[in-house]
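Worksheet: the structure to be examined is printed underneath.
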Amino acid sequence: MPGFDKVVTSYADAMHGLEDNMTVIAGGFGLCGIPEGLIAEIKRLGTKGLTVVSNNCGVDGFGLGLLLEDKQIKKMVSSYVGENMLFEKQLLNGELEVELTPQGTLAEKMRAGGAGIPAFYTATGFGTPVGDGKESRNFNGRDYILEESITGEFAIVKAWKADRYGNCMYRHTAMNFNPLAATAGKITVVEVEEIVEPGELEPSQIHTPGIYVDRIIKGSFEKRIERLVTSKGA
Amino acid sequence: MPGFDKVVTSYADAMHGLEDNMTVIAGGFGLCGIPEGLIAEIKRLGTKGLTVVSNNCGVDGFGLGLLLEDKQIKKMVSSYVGENMLFEKQLLNGELEVELTPQGTLAEKMRAGGAGIPAFYTATGFGTPVGDGKESRNFNGRDYILEESITGEFAIVKAWKADRYGNCMYRHTAMNFNPLAATAGKITVVEVEEIVEPGELEPSQIHTPGIYVDRIIKGSFEKRIERLVTSKGA
Amino acid sequence: MALSREQIAMRVAKEFQDGNYVNLGIGIPTLAANYVPAHIEVMLQSENGLLGMGPYPSDEQVDADMINAGKETVTAATGASIFNSAESFAMIRGGHVDFTVLGAFEVDVTGSIASWMIPGKLIKGMGGAMDLVAGAKNIIVTMTHADKHGKSKLLQACTLPLTGVNCITRIITDLAVLEVKDNAFHLRERAPGVSVEEIREKTAGKLIVVGNIPEMEMD
Amino acid sequence: MALSREQIAMRVAKEFQDGNYVNLGIGIPTLAANYVPAHIEVMLQSENGLLGMGPYPSDEQVDADMINAGKETVTAATGASIFNSAESFAMIRGGHVDFTVLGAFEVDVTGSIASWMIPGKLIKGMGGAMDLVAGAKNIIVTMTHADKHGKSKLLQACTLPLTGVNCITRIITDLAVLEVKDNAFHLRERAPGVSVEEIREKTAGKLIVVGNIPEMEMD
């Protein structure tokens, strides 16, 4: 299977082509389901001026927070960025720009980007600062704002299992934004826990069809927990 | 589980509340993955003046074609209706109205209807009769038309397995429009091959979360094949 | 007596009906899950992609891949489903979630809500709050009736940047249950021992009180 | 000699590159699957929700739940994925499918195509054709160069209702391979034994012929 074998064996190959000032769409929610090794590689590469589209920006010293350390991120597009002191500092210094986007709108913008839908209407954010400067319109008696889709030069995604063709499955709530990010990258790179052979995944159980995926790399994951709460501690 | 047990045991209960002139969104592609028993019940009820949204209108004597026999359908919203003599006759007689909608736009309209998105832009149909009378707009140098979403008083859906909470899985390409139709009905009724207990379906393998489903009924299916082609005959 | 956080949560839980799908925000709303009446069942939606959120895990059950929207480790309840974020908000935006319960800084008589941003303070983001208030069939705001300085949070017009407009229909505070309609707060219930006068005093927006206002039933 | 249907399909298959995702319309396009060169692999997308369409089933494999967009019974190839119709067209509309091959009644020098409706005849519907021409990265139109009455199908401007505008870049007919750009058809290859003069005669829209036009390689 030469043509459809998307497995690469080095992180350098996985992120080959990433350049300064590109847009990177990243899957993950908090620290759950984040492509740890791909983020580490971007840090190693030292690429600057990145626009990063991701629901959150990690925490100090982990996840996308790592890319703040050398000021690699120019702009974040996120719904919530409150977990990160360095983020706060760079934001207040004016070294970092942030475009706060409602979580559902952010998810839909990624999906629309991947699906060839340039814009859609949503009631979310109408009459709020999010709607400022955006076109609004009434449908059936309700007001909506027009939101444009998002695509990026790269999408970085964390999956559970993938076959060599790029068909991916996600595990539990580590799915989150990952399947959406996967559709919206010109180059989509997926870091996985396990690579299997084509045919091992049941076709109708695949979350991300391989057509969206350009490169797959097997990673190893720390899976840091942001808020450990147990029934004992609750 | 009183509150979430959505199983009904009679087709009369399954389609309770269906009235003349309602809109019914139906899953299925050709004769594949159609809710045979729910269609039969609509025929039995004799409900008239229906607007039916479905990719196709069955064939003579099977699937949605059955609802043409007593002129129950006032309007079809479909992408392709070429398999049906009775359909043709009623259309030419002016007894039936048809709104031809590109297949992908139709699927997206159902999804948008279920997702609270009143309208979206698509390049599909720009400059064609489908775009006539619709607003068009240029994004990044390309022309798109505005398409509005679809919802219906009822959605009728065919699934493979469902648990009592309404979580559904579909089998092979019998999935097609079914998960989209399921989101777009005020009342969504699912006819299934097998009802299982909650917990039997793996949470991240569920195609339609139970929140979209109002009623489930166990059906038995003929599964007529529209075009039997085998490797021998090909 | 003003209600405690736990008591507010307890009163919130009485709003739910058997078979409801409910999204609970962080803080008091989350506590409401502990007080769902025994004879009914609700299913909790967590907007990161989980319908059917279960209790916190035991030490053995802890799984970094299973968290809630507050980024806490959780479990999946029997009959849960898990899906991506676009699907999760399709559910929310499309009006399929029966109840959303969330906190607020301010609510006004038009049903507008401010809950995510205080100018001059660091802005952390709205998360899913704007989608939730735009989408849920029924929204319940839980908050203290007044802030620490005694300033009312129920206003004629919100002063802070909004989370959503004309969307709040029900407010449950430490003092009262109120309905929002026709450009006014309509007092429906008082916390046990709290007078209409005290509520009137702490409600800056137009308050309508008709007839005898019953005390909340807190069993 | 004008190419047969099989020969057109054979020439179409030469356009594919290893690793391409391809959607083939009904008719000649479907035949192209039989001529994919042995040293490359392509994956077939069927817009009813199947990526990785396999061969027709044996009698034992026939399954009513496994069909293609032509409503024929098929199989899933190794490594296939199956998804709903919105996802299928997200793939198509979003430009993820490398090639779409489809038939047409007319194509014009602007790359517009008419393929779904002849006024006065019964309208059956466009199915997925409008989405496919709006979405695929590369679209190949296959058709006879002229209709049964000898009337050219390559026009200066389409006369029939359109399927899409400015979207066709490559046409493979029984007589020629042509590129569409700069408001003209550019002749690239001739069918073996077919003269430039014959092609010119049967091409109603502006035709540009530069230099020596090679014959198609039909191995």
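Letters A, B, C and D mark the chains as written, and numbering starts fresh at 1 in each.
As a convention for this text, contacts are C-beta pairs under 8 Å (C-beta built on N, C-alpha and C of every residue); 3 or more make two chains touch, one makes a residue touch a chain.
Note that the structure is a prediction, hence the values are computed from the model and not measured.
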Interface with more contacting C-beta pairs, comparing B-D to A-D: B-D
Chain whose mean Cα position lies farthest from chain C: D
Centroid distance [mean C-alpha coordinates] between chain D and chain C, Å: 55
Rounded Å distance, chain A centre to chain B centre (Cα mean): 32
Chain B and chain D, separation of their C-alpha mean positions in angstrom: 29
Length of the line joining the C-alpha centres of chain A and chain D, rounded to whole Å: 35
Chain C residues counted as touching two or more neighbouring chains: 50, 76, 82-83, 89-90, 92-93, 134-135
Touching two or more other chains - residue numbers and ranges from chain A: 108, 111, 115-117, 122-123, 170-172, 175, 203-204, 207
Pairwise touch network: line, ring, star, complete, or other: other
Touch relationships between chains, expressed as pairs: A-B, A-C, A-D, B-C, B-D
Complex contact set, residues of chain B against chain D: 29-33, 55, 78-82, 88, 91-92, 98, 100, 102-108, 110-111, 122-130, 143, 160, 170-180, 207, 223-234
Residues of chain D defined as touching chain A within the complex: 17-21, 40-43, 45, 50-52, 76, 78-83, 87, 89-97, 134-135
Parts of chain A lying in touch with chain D, wherever the complex brings them together: 1-4, 111, 113-117, 163-165, 167, 183, 198-199, 203-204, 206, 209-212
Residues of chain A defined as touching chain B within the complex: 108, 112, 115-123, 139-140, 142, 144, 148, 169-172, 175, 203-205, 207
List of chain D residues in touch with chain B within their complex: 46-50, 55-59, 62-68, 70-74, 76, 82-86, 88-90, 92-93, 112, 117, 122-131, 134-135, 161-166
